[in-house]
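Naming follows writing order (A, B and C), and every chain is counted from residue 1.
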Amino acid sequence: MSAAAPATSSPARLAAVARRERRDIRLDRLFRTVLTAAGLLVLALLLGAALSMLWGGRETLATFGLDFFFTADWDVGARRFGALVPIYGTLVSATIALLIAVPVSFGIAVFLTELAPGWLRTPVGTAIELLAGIPSIIYGMWGLFVLAPILGQHVYPKINDTLGQLPLIGLLFHGPPLGIGMLTAGLVLAIMVIPFIASVMREVFLTVPSRLKESAYALGSTTWEVVWDVVLPYTRSAVIGGVFLGLGRALGETMAVTFVIGNAYALSAALLEPGSSIASTIANEFAEAVDPLHRSSLLALGFVLFLLTFVVLALARLMLYRLKRKEGL
Amino acid sequence: MRPLAHSRARHLRRRFTNGVALVLSVLATVFGLVFLVWIVWTTFSRGLEALNLDLFTQMTPPPNEAGGLLNAFFGSAVISALAIAIGTPIGIGAGIWLAEYARGSRLGNTVRFVNDILLSAPSIVLGLFIYALVVLPMGHFSAFAGAIALALVALPVIVRTTDEMLQLVPGQMREAALSLGIPQWKVTMQILFRAARPGIVTGILLALARISGETAPLLFTAYNNQFWSTNLMEPMANVPMVIYQYALSPFASWNALAWAGALIVMLFVLTLSLLARAILLRQRMPAND
Amino acid sequence: MNPIPRSLRLLALSFMFMLAACQPSDQDGGTADAVPEDGIARSITGAGASFVYPVMAKWSSDYRTSSGRQVNYQSVGSGGGIAQIKAGTVDFGSSDAPLSSEDLLASGLAQFPSVIGGVVPVVNIDGITPGALRLTGPVLADVFLGKITRWNDAALVELNPDLALPDQAITVVHRADGSGTTFNFANYLAKVSADWKAGPGEGTAVRWPTGIGGKGNEGVAAYVQQVKGSIGYVEFSYAKQNAMSHVALRNAAGNFVEPTSESFAAAAESADWQNTADFDLVLTDAPGADAWPIAATNFVLVHRSPKDASRGAATRAFFEWIYANGDAEAAALDYVPLPDALVTRIQEYWQATLDN
C-alpha cells in the first residue's frame, strides 16, 4: 500500500472496514444485551425475594387475612398469629435509633469537616467508620452483657423516678429497671447506624464548593451559621437520602436487636418495657418452627419487613423529588 | 446608640449559638468514640484468653479444650470469595448498564430504586429466600448456598458504587472517545472502566467488608461445620456462625474463642475500609467546582 | 489489547486457586462410590437439637481420633433435624421431643435416646442461696402463669417458712426462641398444673402469659443474673457452669430434690422404658424417690432401612461407640449418660428394628 495515496478507494480496504463495523455493531449489541440482563437480574432478584416471602406466607394470609397485621396475639400453641407487636417494635426501635443517631451523626460530620484540625480528621474519621465494621452480633453481646446491666442498675431507675412521673411523657418512661427493652434496643441500633449516616453526611459536606462557604464567612457568618444556612441546604437531598438508608438498615437489623429487646409479645407504650421486632422474631423462631402455619407466619413477617423498607425508601424518594421541584431543578 | 447596642446583643447571641453548637458537635464525636472504645475494649478483653497463635493454626475444638478457628477462617474466606466472584460480574454489569444505557430512563430509575431496597433489605430475609431457592431443592445446607446468599447481600453495594463511579467520569471523555469512532463497548470497557476503576474496586472491597460480619444469611444456608471441610456442597465452617454458636454456650473456652473471632473480623473489616479509602485517595476524581 | 484490568485478573487467579482446593477430598467420603472395605462410611452428618451440640462436638472429636471417621452435627434445632432426617438428607436427626410410633412408622424411622439432661429453674433473690428456695410444680406453674406476682406471696411463704422472702415483684424470664428446653419445661408444667395445660400448653414455643424472653439459654441466664427478683429456667449445664442459684423442687414422690447428676440419673432409671414402644417417653415428672422432676432426654432418629447401608452402619457404629466410651465426656460437660439397663434395651431395639 502506498503511504501517500488515500486508502478509501481500495475495495479490499473498504470491505475490511465494513466487516469491522459490522463486528463492532454486533459486539455492541451483545454488550448491551448482557448488561441489560444484569440490570434486569437485579430487579428479578428483589422481586423474587419479596414474592417468595409472600408465597411462603400465603397460608397465613389466607387464614387470617388482613387481621394478621393488626392483631397483637402471637400464640404458637394455639396456632393464632398476629403481627402487630413485632411491627410496632420494629418501627419504634428504628425511630428511637434515628432520633438519637441523626443529631449525633450531624454533630460528628460538622466536627470532622469544620472544626477538627487537619491531623485529627483522618484518625477520628476512621475510628467512627470502625463502628460500622463491628459485627452486629458483637453489638448484641456487648449490649446484653455490658450495656444492659449498667442501664438497668444506674440509668433506668433514675429515668423511671424522674421522667416517668411526669404527666404525659411519663407514660413513655416508666417501667421496671430491667436494662433491656425498647429503649436499649433503640440505643444500640443508634450506635450501629451512626457511622453510616455520619460518613454520608461528611462526604457530602465536603463537596460543598468552598467559594460558597467563603462568601458566607466574608459576610461575617459564624461557623455554625455557615453549616446551618449554607452547607446543609446545599446537601439537603443527599443528607435525607443517607438518613433514610440508615433507617432502612435499622429496620432490618437482626442480631443486635434480638439480644437486647426483651422478646416479649406485649404491646406497651413504655419504652423501658421489653418488646419484639420482626427480624428478631424470625431469627428466634424459624429454626424450631415445625408447624407449617407457624413457618408461613414467619415468612409473612419477612414480607412485611420488605414492605416496610419499600415504603420508607419510597417516602425518601418522594421527599427528595418534592425538594427538587421546590428548588426549581 | 440604639442600633449599635441592638446589633451588639445579636452579635453576642450569634456567637453564643455558635459556641453551643460547636461544643455539642464535639460532644457528639466524643459520644461516638466512647462507644467505639468501649465495645472494642470489651471484645478485646473478653477474647484475650484465646488470642494466641493457636487461633490461626488449630481447628474449632469441643468445649473446654484448647483450639482455634482455622477451619472457620478458611471457610469464611472461601464463601466470601465465591460470593464476591458471583456478585461482582453481575453487579458491575448492572452498574454499567445503569450509568451508560439507562441513566435517565424509567426502567433505569426503577432498577436503581429496587437496588436501594435490596441494599437496605434485612439480610435475614435474603437468607430465607436462598433457603427456599437453593437449600430446600438441594435438601441440605451447603457452602454454595451460603455464598449465593452473601452474593445477594454484596450485589447492591457493587451496583451502587459502580453506577456512581461511572457517572462521575466526565462526559467529555465519553464524547471524545465516541467521536473517534470507537464502538460503545470498547469505550466503556477500556476507557470509562479504567477511569472509574479505583472507585469500582473500592465498591468490591466495601461489599467484602459488608459480608464479612453477616450471620443472618448464613443461618439458613451454609450453617456450620466443626471439622475442616473443603466441600462446597456441604456445610462449611465460617466465623460468624462460630461466634454465634460459641457465644451462646455456657463454656468459658468457647466464649473466649467467640470474642477473639469477633476481634479478628473487626480488624479485617477495618483493614478493608482503610484499603478502600487509600485506593480512592490515590486517584481522586476531579471535583465539580 | 486486553480489556480486563490487572487487578481483576489477579483476583480471578487467586479465586481459582481457592476453588481448586475445594474439590471434595476423599477424606470426607461424601461421594457414594467411596465405600471403604469395612462397609462403614468414613463420614456422616447429623442435625437437630442444639441442646446436645456441645456433647456431640466432644464425642465426634474423640470418635475421629479413635476411629478416623467423621461425624458432623449441625445444631439447627429439633424441627430442622426432624425435617432433614425425614427428607433423608442427613444420616441421623435429633429431637428433644419424641415422635409417636405412628409418625415413626409412617416415615420409616427408628428412635432411641442419646443422653439425658434437664431443666433447672433459677432465681435471683437477695439472700437466697442456691437450693434454699423450695417450690412445687403447681406453684411454679402459677408463677409462670403470672398468678403469683410477688416473692412474699402466701403460697411461697408456706413452702419456705424459714426463708426471709422479700416483698418484691417477680420478673419471669423465659425463652424467646423455640427450643427443647422450653418443650420439656412446658411439658412438666402441663403435667402438674391443669391451668397451664389449658392455657399455654406444651410445645417448643408457647405463649408466655408474662415475662421477658432471653435468646438462648445464655440470654435467659444473663437476664436472670441481672434482674433482681427474677426467675427463669435453663439447661442443667448452664446452671452449673454459671453457678446460678437453683431451686429445689418437689417431685412426684413428694420429696424435695435438688438438680444434681444423681437426681437426673434417678429420673432416667425410674422411667418405664421397658414398656414404652420406640422410647416415646418424656422424662418429666419421673416417679423415682430421688428423681429430678424436669429431666429431659434427647432422642436420635435414624432410618430403619437406610438407602446407603455403609452410612447406616457408620451411624450405628458411632452410637455404639458413644454408649461404650462417651460416658465420662458427657458427665464432664454436665450431661447425664444413659443408665446401663437403658443402653441394653436400646441395643435390643436396634436388633429388632434396624436392618443392619
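Convention: contacts are C-beta pairs under 8 Å (C-beta built on N, C-alpha and C of every residue); 3 or more make two chains touch, one makes a residue touch a chain.
Since the structure is predicted, the reported quantities are computational estimates derived from the model, not experimental observations.
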Chain-level touch network, classified as line, ring, star, complete or other: complete
Interface with the most contact pairs, given as the two chains involved: A-B
Separation of chain A from chain B, taking each centre as the mean of its C-alpha atoms, in whole Å: 14
Euclidean distance of C-alpha centroids - chain B vs chain C, Å: 36
Contacts with two or more other chains, residues of chain B listed in rising order: 186, 247
Residues of chain C whose C-beta touches two or more other chains: 76, 215, 219
Multi-chain contact residues (two or more partners), chain A: 145, 283, 287
List of chain B residues in touch with chain A within their complex: 14-15, 17-18, 21-22, 24-29, 31-33, 35-36, 38-40, 42-43, 89-94, 96-98, 100-102, 107-108, 110-111, 113-126, 128-129, 132-133, 152, 155-156, 159, 183-186, 188, 209, 212-216, 219-220, 240, 243-244, 247, 258-259, 262, 265-266, 269-270, 272-274, 277, 287-289
Residues of chain A touching chain B in the complex: 24-25, 27-28, 30-32, 34-43, 45-49, 52-53, 56, 103-108, 110-112, 115, 124, 126-139, 141-142, 145-146, 191, 194-195, 198, 207, 209-211, 222-225, 227-228, 245, 248-249, 251-255, 278-279, 282-283, 286-287, 299, 302, 305-306, 309-310, 312-314, 317
Chain A residues touching chain C - in the complex, by the definition given at the top: 73-78, 144-145, 148-149, 152, 176, 178-180, 258-259, 262-265, 274, 276, 280, 283-285, 287-290, 294
List of chain B residues in touch with chain C within their complex: 61-65, 77-78, 81-82, 85, 139-141, 186, 189-190, 193-194, 197, 201, 223-227, 229-235, 245, 247-252
Residues on chain C engaged by chain B in the complex (per definition of touch): 1, 3, 5, 7, 12, 14-15, 18-19, 21-25, 28, 30, 45, 53-54, 57-58, 60-62, 64, 70, 72-76, 84, 87-90, 215-219, 221, 235, 237-238, 241-242, 332-333
